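In what follows, chain A forms one complex with chain B and a second complex with chain C.
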Partner chain A sequence: MNRGNDRLENLLIPFELLEPRTLPEALSMLADDDTAVRPMGGGTALMLMMKAAVFTPRRLVSLRALAPALGGIALDERGALCLGGMATLSSLEHSALVKTHASVITRAMPQLSNVRVRHVATVGGALAHADPHMDLPTILTALDARVQIAGPGGSRELFVDALITGYYETALAGNELITGVAIDAVPGRKAAYIKCTTRAADDWPALGVALSLVCSGGHIETARVVIGAATDRPTRVPAAEAALAGALIEGTTLAAATLDRVRDAVASQVVYTSDAQGSGAYKRQLARVHVVRAITAALQA
Partner chain B sequence: MSVATRTINFTLNGAPVSATIAPHHTLLEVVRDTFGLNGARESCGQGLCGCCTLMVNGQSVSGCLSLAAFADGATVTTVENLAVDGKLSPLQTAFIECGAFQCGFCTSGFLLMATELLASNPKPTEGEIRNHLSGNLCRCATYPEVMRAVQLAAERMA
Partner chain C sequence: MDTKVSPDQVIDAQQVGRSVPRMEGAAKVTGRAEYIHNLRLPGVLHGKVFRSRIAHGRILSIDTSAARAVAGVHSVVTGEDIRRIIPEPYYGPAFHDQPILALDKVRYVGEPVAAVLAADPHVAEYAAGLITAEYEELPAVFNEVEAATSSVYVHDELKPAITFPDLKHLKGKRNTNVALDYKLRRGDVAAAFASAAHVFEHEFHTQHIMHTPFEPFVALAEPLDDSVTIHTSSQMPAYVRLEIARLLGWPENKVRARTAYLGGGFGAKVYVKIEPLVVALALLARRPVKMSLTMEEQFYVIGKHATTFRIKSAITADGRIAARKCEVFWNGGAYADIGPRVSQKSGFTSTGPYQIECAEIDSAEIYTNLPPAGAFRGFGIPQLVWAYESHTDIIARALKIDPLEFRRRNILHDGQEHPTGTVMRDAEFDEVLVRIAARMGWDQPFDRGTGTKRRGRGIAIGVKASIAPTTSFALVNVSADGSAVLFCNTIDMGQASNTANAQLVAEVLGIAAERVKVTQADTDVTPFDMGTLGSRSMFHMGHAVRLAAEHARTQLEALCAEGGITYSGEQSVAQGFRKKFGMQAGNIFGVGHYTSRYQAADPVTGMSKEVTPFWMIGGAGIELEVDTETGHVTILRMVNVVDAGRAINPRVVETQISGAALMQMGQTMTEEMIFTSAGELTNPSLAYYKIPGIHDIPASIENEAVEAETRNGPFGSKGVGESGTFGVSPAIANAIDDAVGVRLYSLPLTPESIYRAICAARGEPLED
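Moving on, here comes the complex of A and B:
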């Protein structure tokens, strides 16, 4: 049966919807200079912005047809874990490769949004959207993930830290697309992510703390400490990373003086924003507590 | 401005169907308003409450956040598809026996999410049930009864 659409009425404003079949075709449909033209991965975040009339697209370029080409999860020849830009969060959650090579992602996924959103939302979308409350960008920053970007002039690569430049802001041009993310294999690296929600368990986080520690011979060689959600972008804390570098591992913890330096660094070196999830001062205290819990969790991982 | 419409073809509850839609129509609107299947409902409109849950290609999605255009070629099922020849599914029967609803507004979403869970994980732990259903809200707060109903259905289906 074929039915008409005369009864349909919704909150969205009409737009042009394109569904390119190939990456070059998709790139040709984007525009560098028109913010009303946007690519769409899973679309969960954009749909919310459209319903709230924060975003009124003239043209949406759906990348769904690119999922077979850009939705994979694989290891490259150097052992790096490669996540396709169109890989869904669910596919990460249930991937044996991700569990083996980046188990911090596997552990974080069940607390990230809800099952239905994870079935649809994509890795590339989460990064390109640059909503500071998203968990994955904070985790990927701690893993020094490299983001592969395609544009009309060819491809380039940026660390997540360089990709996300501010509150919903990225270094992407309007006619560039994220095609994938690579996480290098680093022997001895342990990582953890702790998400603090102040309302429902699957609410947007008030704070996300992601941490990776490269351990060798009972010491921490190098560390990444990243604060997310409470900041305008995933924010590394170099003073905390410096405090951790060289620290002697004592079971699943570190010397009290080291932990004090890390706590002080995350409290004093980061600007915490106040919003519906909590005040800046409250989030600063959350960060002081949870950065130490994240260290313990990483050492136990 | 005239809106370009398009025809989508998909399988709805086992039957091939087509519909004429505009790019901004959601799948939830099409299922409800074009096909009269009112089990899925829009409540929060933000993918948080689960009342609009639909199954697309075997995976649960929030119908309110899904563009209908993307259903072209897909297999869509709704809560109306759970009963076979008028016989309720074991989960539906368990919901009734456990009183796992009060007003019933959220029930179709809970049923589809729990059906999805039991299909992939026939013996879920309490934590696994809670996790899978964490994106479904019941304003009557029948969560304990929902938990019992899912556990009861799992036992009976074992």
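Moving on, here comes the complex of A and C:
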């Protein structure tokens, strides 16, 4: 589908907007070697980049027509929660399945951007964009989610951790698509996410702290602690995870010494970037405070 | 006009003081209201602007060849091209300092340098991106205090416009960035300080802010045989006509400026903004030309002054303010716009609403190499109140006097003289304080929170004078069926002025407000008005409308009497017309006009017996909670109380108060135009320039207009569009101090700035 405006040909760098009907068709329209060819989910991130002229497309491959096939939310046979790559963020927000199996996502959604963006933004776009100032990648890293990827040579799977490799960087090839995300069912897992903004409430996060605690018999067995937004990519904090592993749960909190170790770990093991949302030093303090609040929130969940 | 209301339905009901629903409400919510943005004209060309990327430089060359070569481009215009039709292409209400497109020099990043015309706006935009310019870069100056004494000059020479006699003495002045220096000298200030029991001195800062009307600037100029029509989203169509006529050397009646509804203005759309460029482009192209700026471009047109305010008070042993010295630096940016008026008309209230015998004010408008600053809801008052009410609170706390009591001890009452020399009249300062305190339960115990969540509360009050002298005209046309149309230039940009003015007409004629239609401004038919700004319209246009309606009523009564009919509103009028003309035919025109009284300030003392026809008063009370570990603030309760005289439409008054207060809250907490050290704006986008969203609105907001009457106002009323802004910023800072014992001197009050202050107060400053 061309822009259909003859006068514009040869003038503006024209771009194509294609709307494939099937996944193979979509894959065939992508290009591994041309960064001006990109898939488009909800288009919310792409439009901002195009308006700011940091991205000038040659071809956009809209995945809209794939939504019926790739927009579902379901449990697989092993009980993993599967989110379609084209599922919108608001469908996650209102899904009963998500609420039962990953309520941390349900709780986070109302604070993610605004209702207009959530209605069209997709799971695939939220992951592939790899803007550090986002919420979902941090949460999915804490849940150890697996990302399903389709490419010309077939499918592969990566943990979110391995998908997002840096500041706006992913392990995706230009001709690959995210088709879904799977969150395994882990008995005894409690998770929490704290989004911290420093300007308006509906701003991009200045800091995101996500954690999941696998609890059994009054102990934390294993933990994942992830810092997002204030870092180039969602960043796990192994020292904090180690401090939490084996900790005795005291009501909805932990021993003060454990909390101190966690706090010190997120403060010392992570590099916090300074930007318009705050200095690195301030974000480090936010992380210190919010990691403890996240632990309480997870234990209450 | 609601045709469902029958002619006789509300005939006896009072129209003034009734919460008549907004007349344009249904059209707006159903998407039918007219906006210039939606106007399409055949053959129109779209203009897009190429802007300067440097803050200060001499233009060596502008290369437009690549842009001209783009297929579909009609033409590319530079400042020199404009001279062909406008030899002196400089505009501005206070100074004729702003070139329609840059000439010789550029003075800020974002200044328009060239414009591209094309039938397709995307082509114009693309081509504008191909223009390049070479400059000899000059040193630039950005900070208002530095610029006041810098040897880097933004303009070679001051060029005051003739409009304001008090700027005349600045003509031809060289080697200065001070566009206007207002001075007030009252009493023996030095002696008062020498004998003071306590002296307090502080410096406060406010940041650059943008109005963010959701309808960005838009104008469409249509050249006709020997005239031009300008369809524009403007708060001042009469001035648009005047200034365009002056630039072109044409009589006023060859320029027609008309508006539709405005998608917000807040002071951004006063005087002329993009109109001179759009007109020049249309006349050069001999085609209609439309320019619709993007939200991003709006940041480069006009904003709110950043300020530095040094304030010093002498306090007596019994806690009275004996003297106050105020030094205010207004960062006016590269072009004066109406900035000099802000520094003067607001500057003279810098001492606040207090009884102060000895006062000294120096309030200076300063040119810098930043985007221009001008009128912005409050017209400079919020910047001043921020400083003097923070300062006042610090004094009260230091002297261990309750902040409410300290204010009430010093507050001005009717009959007392304001430091400018004008005697207070119909100014309910004390009542505003009393009502805030009553609503907040100021004398009740207060839950101060525990642990890391600390609560505090604060109050603040401010005052504003109206801009004077100004003039409004109105015309009421009564049809033969008794319904009426009001012709006036007051622009309804969301403040429901059409509804209020219809109520005035209806009240006088004894008909229902719903039977009065208000036209959109069109200078070919609507009579002169200075403009819709500074909360002046309810008072000035209100009088003009009242007088026009009274004039119509006198004639209608005579018409009825002639036919032996007793005047009783609409139906009697219809009978009167039928009797006289034998059928439903004819019109009665009522005209009215009003000019406010004013006495120019004494050139030496800066004092005047009559600086304003009325005083605007607004106060705020805030309860909030501070997270001591992060500096995050949650406003739990916001109380806004104003003196708006008698409300013509109580519901509208209430929404004006809350709207103004929330706008000011955003400017207090989050909004800031952030510049690099080279004067480049880093966040010209709503994505990164954060206005409050729905989740930022306080859980509880109370709004009140105190029982009051403006005796010289139409039906006891006065303006209320800005009063809700005054107290908000300092009330929040005062509440933060109350909660956690730290004082902030600069806006915005970001969580980081609060957290840093908490750390510093503990003696453990956070590293940079």
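One rule holds in what follows: the second predicted complex is superposed on the first by the 287 of 301 C-alpha atoms of A that agree within 3 Å, B and C clash if a C-alpha of one lies under 4 Å from a C-alpha of the other, contacts with A are read in each partner's own complex, and residues count from 1 in each chain.
In this text, contacts are C-beta pairs under 8 Å (C-beta built on N, C-alpha and C of every residue); 3 or more make two chains touch, one makes a residue touch a chain.
Small disclaimer: the values here were computed from a predicted structure and weren't measured.
Between chain B and chain C, the partner in contact with more residues of chain A is B.
Looking at the shared chain after the overlay, A:289 reaches chain C, while chain B stays out of its contact range.
Once chain A of one complex is fitted onto chain A of the other, the partner contacts of A:281 are limited to chain C, with no touch recorded for chain B. In the superposed model, A:43 lies in contact with chain B only, and not with chain C. Applying the stated contact rule after C-alpha superposition, one finds that A:114 touches each of chain B and chain C. In the overlay built on the shared chain, the residue A:82 is in contact with neither chain B nor chain C.
In the superposition on chain A, A:201 contacts both chain B and chain C. In the superposed model, A:242 makes contact with neither chain B nor chain C. Across the superposed pair, chain B and chain C both touch chain A at residues 5, 7-8, 10-12, 48, 114, 200-202. The touching residues of chain C, when paired with chain A in their complex, are 70-72, 119-120, 122-123, 126, 629-630, 666, 670, 674, 682-683, 685, 687-688, 690-696, 750-752, 755-756, 766-768. Chain A meets chain C in the complex at residues 5, 7-8, 10-12, 48, 52, 111, 114, 196, 198-203, 276, 278-279, 281-282, 285-286, 289-290. Those residues of chain B lying in contact with chain A across their complex are 1, 3-5, 7, 17-26, 29-30, 33-35, 45-48, 50, 53, 59-62, 64-67, 69-70, 113, 116, 131-132, 134-136. Within the complex formed with chain B, the residues of chain A that make contact are 1-5, 7-17, 19, 43-44, 47-48, 51, 60, 62, 64, 90, 110, 113-117, 119-120, 200-202.
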